[in-house]
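See the structures that follow.
Two complexes, one shared chain (chain A), two partners (chain B, chain C).
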Partner chain A sequence: MYSFIAKRLAIAVPTLLILIIFSFILMFAAPGGPFGGERPPPAAVLANIEARYGLDQPYIVQMFSYVKNVVFHFDFGPSFQYRDRTVNDVIAQGFPVTLTYGAWSALVAVVVGVSLGVAAAIRQNTWLDYLAVGITIGAQALPNFVMAPMLVLLFTLGLGWLPGGGWSGGLLIDACDAGDRLCFNNPFGGAVRFDYLILPVIALSTSYMASIARITRSSMLEVMNSNFIRTAMAKGLPMRRVIFRHALKPALLPVISYLGPAVVGMITGSVVVDVAFSTGGIGQFFVNSAFSRDYAVIMGITILVGALTILFNLLVDVLYAWIDPKIRY
Partner chain B sequence: MTFKTKLLASTAALLIATGGAVLADGHATHPDTGVALASDQSFTYSVLDDFPSIDPALVEDVEGASVARDLFEGLMTEDATGTVQPGVATGFEVSEDGLTYTFTLRENAKWSNGDPVVAGDFVYGLQRAANPETASEYAWYLEVMGVENAAAVTAGEMPLDALGISAPDDFTVVYKIDAPRPYFPQMTTFPTTFPQHRATIEAHGDEWTRAENMVSNGAYVLSDYVPAEKLVRSRNAMYWDNDNTIIEEITALIINDSNQALTRYLAGEIDVVMDVPAGQFPRLNTEYPGEALSLPSSCTYYYQFNQSDSGPEALKDVRVRQALSLAVNRDIITDNVLAGGQRPSWTLTHWAIAGWEQPEIAAASMTQDERNAMAVELMAEAGYGDDNPLTVEIVYNTSDSHQSVAVAVGQMWKQTLGVDVTLANQEWATFLDTRGEQNYEVARSGWCADYNEPSTYTDLLTSGSAYNDGKYIDADIDALAQEAKFAEDAMPLYREMEQIASDNAYFLPIYHYASVRMIAPDMENWPTENLLQNWYSKDLYISASE
Partner chain C sequence: MITQTDVKMLEETAHLAQVRGRSLWEDARVRFFRNKAAVAGLFVLIAICAFALFGGLFAKFEPDYVDFSLMGANAYQGVPSLSSGHYFGTDIDGRDLFARTVQGTSISLLVGIVGSLVAVVVGTLYGATAGYVGGRTDGIMMRIVDILMSIPFMFVLILMLVIFGRSILMLFIGIGLISWLNMARIARGQTLTIKNKEFVEAAIATGVSPFTIILRHIIPNLLGIVIVYATLLVPEMIIFESFISYLGLGVQEPNTSLGALINAGASQMTNGTLWMLFYPLGFFLITLFAFFFVGDGLRDALDPKDR
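Then we have the complex of A and B:
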């Protein structure tokens, strides 16, 4: 097992390097550049800027010095678009935000999705099943760029319960302001506030929740019809024990392989959620940095997402071995 | 936190000490208008994109410039109509040849850390903007100002002290420029010229613009900046005119989606929305009268014809270009397609530019039927018709509103002239390459004024302009531009340049921009007549609601 993990981590390094090289090639192949915009400055000014960011060097030199800085100094360079910030600043500021609402979304998606899926499977072809299937189809059909503004219209403009956007420090803050809803002072210091979190979590988790519910339902149905469950039932074990002790673990295997990339997707945020709720998260930079040709931010985020994907896929494989005794590495 | 509290306390103490606030029924009143002031003098506004930089030497966008104008103060500043007012300088003198400007600074101007603002800070600021090491994209502004040796210093060919700015003593700043520019004092209200605090910048490097490091000389200081989320500025107790400043705190929220910003305005979370989708103006104007404002914004929307070697033969024929221009019904585009208070345009120069009078352009006073008839005739003369239809491709950067305009223009050309039009949209950076390398036939363009004088537009008409992507050459326009530089009254020359450009249809002006804002009813003094859309929080206030 340990040698398996070590091997996988060793493969991660060349994988990331290939990712970097491909991203570099794609980036430089795209027309246009990060500076100038509609009114390109005089050539001398442009030359100064390019010299400052090393863009006057040959591509191969740029790539090598980039990799060197990342590997030896963990320095992702200065942002081209935001002149007063480095990529490390951009990620350090935005990633905790998406990590917060992403982790909560993952939790909500798993808990609600698995419960719905299991309930639908063991009450197959009853009203509960139809309801669960209806909800999940609806949730999957409704894209989050439609749902986000609808949530704001309902909860902010209509009911006035939740703020329409912003982050204001997020979940853990120093103290609640007077009149803050859903904010709880911690007797041991600090405070927890949920009001800015709820709408982004709903918008982000819904479609993941639906997928998880549907995967759980079909895999649960399959497991419930298998021989060892029939045996368990025949032995007269109570239903609850059959489900939680015997059926759930194997039924969750497909859910776990789905969760690897899905959790990465959630904790690195979504451009739709970031834009719709102005959270200041890192999701919006996926798109913005590409449009503004902010090479350094594009690379920084690509590496972040790449590394997280490798990590979570490894985690999934380890979980597999733990759950399924048939799998041995 | 403690710093902020201290600051608020000291501000309050100052207000009480000077007796600047008159309390009546628990409300202070505005010293000039006598309007009762709200007890909470803070407001929130939304901007569409995060600020690329708030360093005055690097600022490159409209919203970043607004932040810089609150945090810093230049030699001159503006009132609500855009008229030049004393800033850190109490006034200036111009030499007889118009090439030397001598500004006298007030002695009570201070930085937020208490240091006096001296002439050397202005010299340092300008030199830093020009310095090749700073690599400011806006270094070109110094060339537009005509500051002596600006181009050479930026190119690294001359030392920094060769730049045409000097400080003979602590309270005198002398600018030397290369040609007379009556509008020069107005250019000193631009952030690139603002003073900068050398000790702070040298101590903190690129991180000097962080809230905890920044030292500024404007009416406000930076108190919080969470990138991609919000920027907060609060009162600078050291500001020389602090007693007459009313707004306490300003929060800029970065909201990438203008519809979302509008919803949050309606929910009462925001007081001013900067970029309302233009198409929503008619509806908002009916539903929220007095809150939706359409203000002239000094930009012009036009199409360029590729007249370079790579361009199609047809567009090198003036009759074809004229016909294409005439056949565009600008009224339909401004009134029906955009409907946000834009105005039809026949010149590049924006109608609201100070002192501008449009030249006599025949087409402008015709009816659209007359224009269409003339266009059909010109097209036939040029040899295009049903048996030999012209084909043209319009390329524009991806955006709903550019697409609507292109669809409308294409339809007008098709219906009136039988032209086969194809539309192509490209992502922004790709589009700029396409246009800049003349890989197009007709391309969408826009230009915004840098200062309130026609040459900010007419400079583009010259053959040598870097923004002449149509690559036409007209010796008469170039000669007039040269003459205008030194002319006593350049206005007739500017008009003649526009006239020539229009006669030859070198490009196709479509409309003059307007920008639509939502402004809460209790927000007072928001400038509606500043063509460059500049606003200063120190001139605003919030009235008490009844």
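Then we have the complex of A and C:
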């Protein structure tokens, strides 16, 4: 087990380093510096600015200091666009937002997807099964950037139930206003408000929910036809117990291996959510920086996302190996 | 002595020999055409390709022609109508949405097909080589694929688009870089099961060079599974490109793609010009569904595993 983790780490760490170095080389292949633009400042000023950001050093020196700062100090350097802020400030502002709706989306995708899949498998070839299969096929072809405008059209412009964008403080706020919907005061202080969260979570989780439901359904069908389930039934155990104690655990194994790609897809999808709903997560900063050519922020977010991706894949692999003793690496 | 009945029997067997044997490909074709959803998907796909190729002939306007009298007034003057020649209405800048939808569909299809072709050529060759050679070469080659796969390519591609300028060529390069990874894995797995078969052994025994064995004996036997995954890869690549264009970072004006059109429609939703959203969205979804159905049909027909 430990050797397996060590082996996976031995791949993960170089991958991350390659990503950092690759993005750094890309940045230097870029035509024009960040301070050029249509009206470049006088040469002396430019030289001073470049010295301030360390751009006058040889590339290789810059690269080493960048990698060193990222790896050992988790410092992505100053932003080129927001002159008074560092990339770390930008990430610290946007990342909690992304994490909030990302975690809720993952939760919704897993809980709804697994329930739907199990229900469809147990009631195979009934209306419930057909409904679930229909939903999964439909939702698969609805990527998040298609879901987002359709949700706004239906729930904001059509029904007027939910705000079509914005974040305004997010999930945990100080107190509810009189007109707030879906806002609950906590007796111990503070309040929880869901109205700004719902549409982003639906947009982000639907297609993954559909995939999880499909995977759960097919693996559950396979498990329910296996011998040990027949034995459990023959013992006269109640159906509920057979499903929850015997069938669910082996049936969920393929779902766990799908969680890695799903979480990565949700991190990527958060860019669309931020653009479509103006939620102000890291995706919004990423796209804004892409338009204003703020390489430092783009690189910082790319590396952060890369690290998260690699970390999640590692976690899922380890979890899988831990749960399923049949797997020996 | 040959009797009369023997002659008759011989004639009959001669006749039997003329009945054409059914090849695996023919079997697959029969299975595919028995699948109604797949055939319907195929017809829809042909219709969409025709729309992308020849739809421009029916458009009354160029996709980048700006009608200044309609600019900003499209909510009430640029309504879809047959009489004005704007079949799908106009967008916020007074451009004909029908011509732009044709252009967007063809660019989206092009991106999907190019991505899929790269996957077929590079991925198949790479995977087949790794699987056939085996050993340390295989380990290194597949480790490279593992590393590339664990990189968040959407972000790296956007970084590349920002640095080298946004263009269709850059999109093709970016999509070509990632599309072949899964295909390489699939081709390698399949090659591992093929390479120990007798006909490969026979080829080795007669002194055929490894490269020729891969090209002449391994790859033709991979084709079935490669075709299936290539078909399913096209919609994936279309989604990928539309994702980037939706963010405004992909195809640049005056060119457009379905993702960019969906974004433009979504940003004008409050303006009462819903046709700007629904026409591109409709074509996007129909294209995706058609590819999914055809891909599923091909898988049922060609992939012996799921039968």
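The definition used in the following text is that the second predicted complex is superposed on the first by the 261 of 329 C-alpha atoms of A that agree within 3 Å, B and C clash if a C-alpha of one lies under 4 Å from a C-alpha of the other, contacts with A are read in each partner's own complex, and residues count from 1 in each chain.
The criterion applied here is as follows: contacts are C-beta pairs under 8 Å (C-beta built on N, C-alpha and C of every residue); 3 or more make two chains touch, one makes a residue touch a chain.
These figures come from a predicted structure and were not determined experimentally.
In the superposition on chain A, A:F291 makes contact with both chain B and chain C.
Legend: residue contacts after superposition of the two complexes on their common chain; A:L153 is shown touching both chain B and chain C.
After overlaying the two complexes on the shared chain, residue contacts for A:Q93 are found with chain B alone; chain C is out of touch.
Once the two complexes are overlaid on the shared chain, A:D84 sits against chain B while remaining clear of chain C.
In the superposed model, A:R52 lies in contact with chain B only, and not with chain C.
In the superposed pair of complexes, A:P40 makes contact with chain B only, with no contact to chain C.
By the touch criterion defined above, A:G165 lies against chain B but remains apart from chain C after alignment on the C-alpha atoms of chain A. By the touch criterion defined above, A:V275 lies against chain B and chain C together after alignment on the C-alpha atoms of chain A. Residue contacts after overlaying the shared chain place A:I18 against chain C, while chain B stays out of touching range. The contact surfaces that chain B and chain C form on chain A in the two complexes overlap at residues 30, 149, 152-153, 157, 275-276, 291, 293. Listing the residues of chain A that touch chain B in their complex gives 30-33, 35-42, 44-45, 47-49, 51-52, 78, 81-85, 89-90, 93-94, 149, 152-153, 156-157, 160, 163-167, 274-281, 284-285, 291-293. Those residues of chain B that touch chain A in the shared complex are 50-55, 58, 132-140, 143, 151, 154-156, 206-207, 209-210, 226-230, 253-257, 259-260, 263-264, 266-267, 269, 427-430, 432-434, 436, 446, 466-467.
By the touch criterion stated above, chain A contacts chain C in their complex at residues 11-12, 14-15, 18-19, 22-23, 26-27, 29-30, 137, 140-143, 145-146, 148-150, 152-153, 157, 264, 267-268, 271-272, 275-276, 286-287, 290-291, 293, 295, 298-299, 301-302, 305-306, 309-310, 313.
Chain C makes touch with chain A in their complex at residues 143, 146-147, 150-152, 154-156, 158-164, 235, 239, 242-243, 246-249, 259, 262-263, 265-266, 269-270, 274, 277, 281, 284-285, 288-289, 292.
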